[in-house]
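The chains carry the letters A, B, C and D, assigned in the order they are written, with residues numbered from 1 in each.
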């Protein structure tokens, strides 16, 4: 790869990406464009602008954007239509944010005439893969620079020395090593590393960033009613809201009631296992509610097909293949199932759990007339079950008859 | 089907199966053998014996058996190796008990020279299918009699009249209609019908049979440590126990802490939707713990393959195909994955939730050396990620290059 | 089911459906509407009109339609986008025609105010299921009458007696029993029954209806070039043609060269095995060519996903679930993959085989620059393979290290 | 990676691996052990021994082995139990040989105290991946040396210069570039590269290595009867034979009759497409026959499950994951299906095609009693179909009723 001339950097304003910014300037002598996104991580963006300016980035090269609505509408919600869980448990909070960042990096590169993008993910994790596969899928000629795989700043000490040598301000609390590493966006907060590295040891309570400990949550349960249209949440307790507003509100509720904590050892795409503590308050409620509304609006054919492809869909997203044709194909299948997934679900929140307790819909396929224990006025003829069972049994009988015949 | 000469009846001792017993005698003039199993449903079996005698069954035709260990060892545990969930949520507590009952019915028929078996499941539900597919798969020539699909006792009034006319004792509380219908075994209790028939209305608290309301559960969390060997639980808090003892103990713990309540609308195999309130206290903990131990002992290849076939496995069991070759084939696949699934998981129980907080194993594949944020002494070469990403990206780049070429 | 008042009958004009026509009139005293479709079965339709009139159907109740273009465009081609094969070998020629017939039956019922439809499929086969599931999926209140399951005309003799008693003309060659039963449409001809019933005996040559025996086919191979656009064939040897014309032309070519004979024992949905001799001349060429064009225009992610869901898609069609949501969901997935499946394939036809020998496309993803054995000018860096392999190997190494550790 | 001390080289005796042998000696100054396997590639092995000696390998370091029986018994046959086809068409002839070679390399390394293995696969292909994943899965600490990814002998000229400078004999016909590259073993011969690189151009006839052009094959068809036991071929035309003998005999028959030619553009695991001309004469017959015997001995549940996982199984093998737990898990599933796959199939060979025409077995599930068009003596009650269809239709009716309700 030839040296880049102009690089768009995914810039948080923090120490690490500030070091990367400087390193790009000194290593390649290239112009740097910064992109800082508000994905709902809960940090002010203004300091990022100031810091970029301080590090010599010209204002027209500083891009700061609130992408929360796009994030929820075009990434989180499509994914939740699938009830996606990686390895049965993980709601993919980090995975789903990366493609959006890459998309904007590549778009800004096109706008600013940059030939490269750069990110601050390490060489051990999944995020490098997600950033880079997304970037290449959108622009096959883009250069991607991953300083953590390239430079020799391989220890905390060296990083701090480089920062000091380059007049990069170091917040007092960044001098020491953080006890764990955090990533956050509107969907979730993940914590990993250091104090969490031994999966046999419980995560300390102070790791929790946004969810109240269940023990400290209110003693009274709280009900929330979520209304869906075509698979997406559109209202809470009867009030219509935008996608990001809905997720924000569910985060408040989940966070308050201790809902959405997951302590997980997962398999990274790069081949190793890692342990994370995930907090997904709103997402956990949303998954429960989406399942609740699908219970009455999806027939078994649709539901079982969705269920059976879900693990693969989740794996594609986890591995960074959001912009792949196979993810799009599965999305087409999933979206085709959601046309009638409309209605309202009541979820009960209480000290760490979110549980569907009621659901109703004009689109409901539930037929009390058929299922009732009472007289059903001919809706269902119980004698039909006889033939249904006989024909389902036929091959089993033929198998059993063979076994019997051969044993003789 | 010609008339049966001798019938083995799945007999609970309750009013409904007593009516069936009598109806079989009068309808076919045939000899009846009763089979009453202790599956952990929590009822005394002695009254069943007395009632059978009262109804004229001779002692050698009364079979009463404690099958709890067989149930957990040969049915529940193999199923839990798969982390089986029907429609993403249901732990299959009723489904998994039916094949065992059918197996014993068919075996007792062979022992007693009976040519038919009979069950008390209605023509609307899944249980008739499960009973009958299992029976036919084990004996292709057996006759199966399902009185609910045959007789004209189609209302409560007619049933009671038949009972009275035939001197079948009617417990006082059976005169009126029960507000809902209950099925129970060591794995779960399910309630459905009547007060539960409207899925838009919350289930009343009095429906709960064995789980404390989370609001009434202890204010202090409790930890439980479950040890697995080759995928099956073998000890609790360090004490080795038999399969049924383990599940019994987990039921106590889960029931005490409000764990394992599920309010579900599901799709029956016979084509309609039904709403149930399921209580699976021990099973819910067991699933969580099994996932916890798999997190560190299964590699991603095994785990993802298991996840991807699980929905089908669960569907086979739900639909009654336990004794089918396809269920056995999937079981072979699943069992082949469990050889190293050994170790211990600590689960935290608190007011309705069960959450893995720590896990350890001699079989662990988790490598702190590889994943650490610290220096890894060469365990992992971050530069390898470059090639890994490039080759994973190659086809995405070729796709993007095509799109670009064609747009020009 | 209450008696029907007006019935739309799928009417071929042959003896069996004429008997059904009469039976409907006499059994229910109802008005009968006939629907006769030209699906490319190669029979004149005029006689069907005359015979219907003879049997007392008034002209406004006789529907005769050429549906060949609709059949190929809306049923055959969408299915071929999936490379659908049931049980690895069967091109679903009968299965795919049934939904179209049912659709027209239901539509004609709506137009004519009929409350029922009727078909001539027996109670042992798949076609009854396909007809009826399609009809119910399009009109939940329609009555479906399947005389073969209802009447007592259970032998050839009784049928002929009924025909004679009702003045139904009997062609001389229908007096005796045909040596096998045939179904045909533009996609295929199937033969089954009687002389074919023993799968250990070879099918006699005279069973072949439309394909030349390979031994009798021309001694010279013939090339055919098929052009695709978005997954569908649109031209042969450079000449644009309509869907039905394309299939007709491929049938001529395949039939001439002995291509498309399949002798199969398959599993029917109703639980038994049956043996059929299928002739699918054009379809066999089309499948080969479609695979050929996908080879260069689909990436592996799309192709492997399609391959993995194909068996289920084929099963849905075979079992009669064309108008189900799950078939539509899979179709959405498949169609999403076909946007770039355009280009031309050359297939060599010779004495029973059809083999792709060349393919080209503006949409090709094949990159000679990457794959060449010659210098590739940096298109591909062989060193990337090192990292790719190392990270793919990582979990295998961790597994092997565990095995080694535990064995010590 | 530190320098290897002793390397086991997969050595063919040809020019390329002789150059590698020398290069290993000069580059690392290490001891080289050669392993030459007779996999049925049709070459004498003695010259390899002489050439190794000539290049200074001491006799105790020269391993020459006939592994044909092991190859067919432990690799080819297990794979054929699955009816494995990569991308719908490729019989995996190269893929399945690599794990065996790696296994022996690793075993010989253990026997001889070598710390590394080496292979002659390039950095562009799949074989490097297959060799190395297999090696690492069997010995996590083994070093793998892939000279083609390491050295600077990047052109034919440089290779020949190196050979000459090191006194490696160069066969006259190796001076020029071969027009294509060939790999062969008992299962298949693959040809690729150079004259085959343009997929729009037909492969010249001279590329064929072992199959007669169909046009030149005998004018008379030939029948062959293959007998299976538990899924594996055990006899031809009634004569029991060893696995390798069976495949050898089928190769002769297929080769003579022009059976088994495949011209394919496939997706390599490393991300690019390549075009190959594959000849798999015996394997093509074997697949057809195995399907033939499964038609009558497997029930639909087993068969459909096998079909649905087959693409993944094939992909695992193609990608080099033979020794992975996921391949073993799928193998357990497949093997569990083959217990009754015993019987005989007659296949007709004629000018390029192999077609099952008859099959019989004591294990047959085909029931003429059930399927017959004649009176079936009560084996099957056609009225059962009514209930079967009604319950399968129920959810479709409920869906249609919803659509109708909502449209009003």
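Details
Everything that follows uses one rule, which is that a residue touches a chain if its C-beta (ideal position, glycine included) is under 8 Å from a C-beta of that chain, and two chains touch if they have at least 3 such contacts.
According to UniProt, the chain labels map to these proteins: A, B, C, D = Argininosuccinate synthase.
As the structure is a prediction and not an experimental result, all values here were calculated from the model.
Counting hops only between chains that touch, chain B (Argininosuccinate synthase) reaches chain D (Argininosuccinate synthase) in a minimum of 1. Both chain B (Argininosuccinate synthase) and chain C (Argininosuccinate synthase) are touched by A, D. Taking the mean of the C-alpha atoms as each chain's centre, chain A (Argininosuccinate synthase) and chain B (Argininosuccinate synthase) sit 31 Å apart.
Mean C-alpha position of chain A (Argininosuccinate synthase) lies 40 Å from that of chain D (Argininosuccinate synthase).
Among the residues of chain A (Argininosuccinate synthase), those touching two or more other chains are numbered 267, 270-272, 299-301, 304, 312, 321, 324-325, 364-365, 367, 370, 380, 383-386, 388, 391-396, 398-399. Looking at the complex, you find that chain C (Argininosuccinate synthase) touches chain B (Argininosuccinate synthase) at residues 299-301, 340, 362-365, 367, 370, 380-381, 383-388, 390-392, 394-396, 398-399, 402, 406. The touching residues of chain B (Argininosuccinate synthase), counted against chain D (Argininosuccinate synthase) in their complex, run 267, 270-272, 299, 301-302, 304-306, 309, 312, 321, 324-326, 328-330, 332-337, 391-395, 398. Those residues of chain D (Argininosuccinate synthase) lying in contact with chain C (Argininosuccinate synthase) across their complex are 83, 87-89, 122-124, 128-129, 132-133, 136-140, 146, 148-149, 154-155, 181, 193-194, 197-203, 214-215, 219, 221, 261-267, 270-275, 291, 295-296, 299-300, 303-304, 307-308, 310-312, 315, 320-321, 323-325, 346, 350-353, 355-360, 364-368, 370-373, 375, 380, 382-386, 388-389, 392-393, 396-401, 404.
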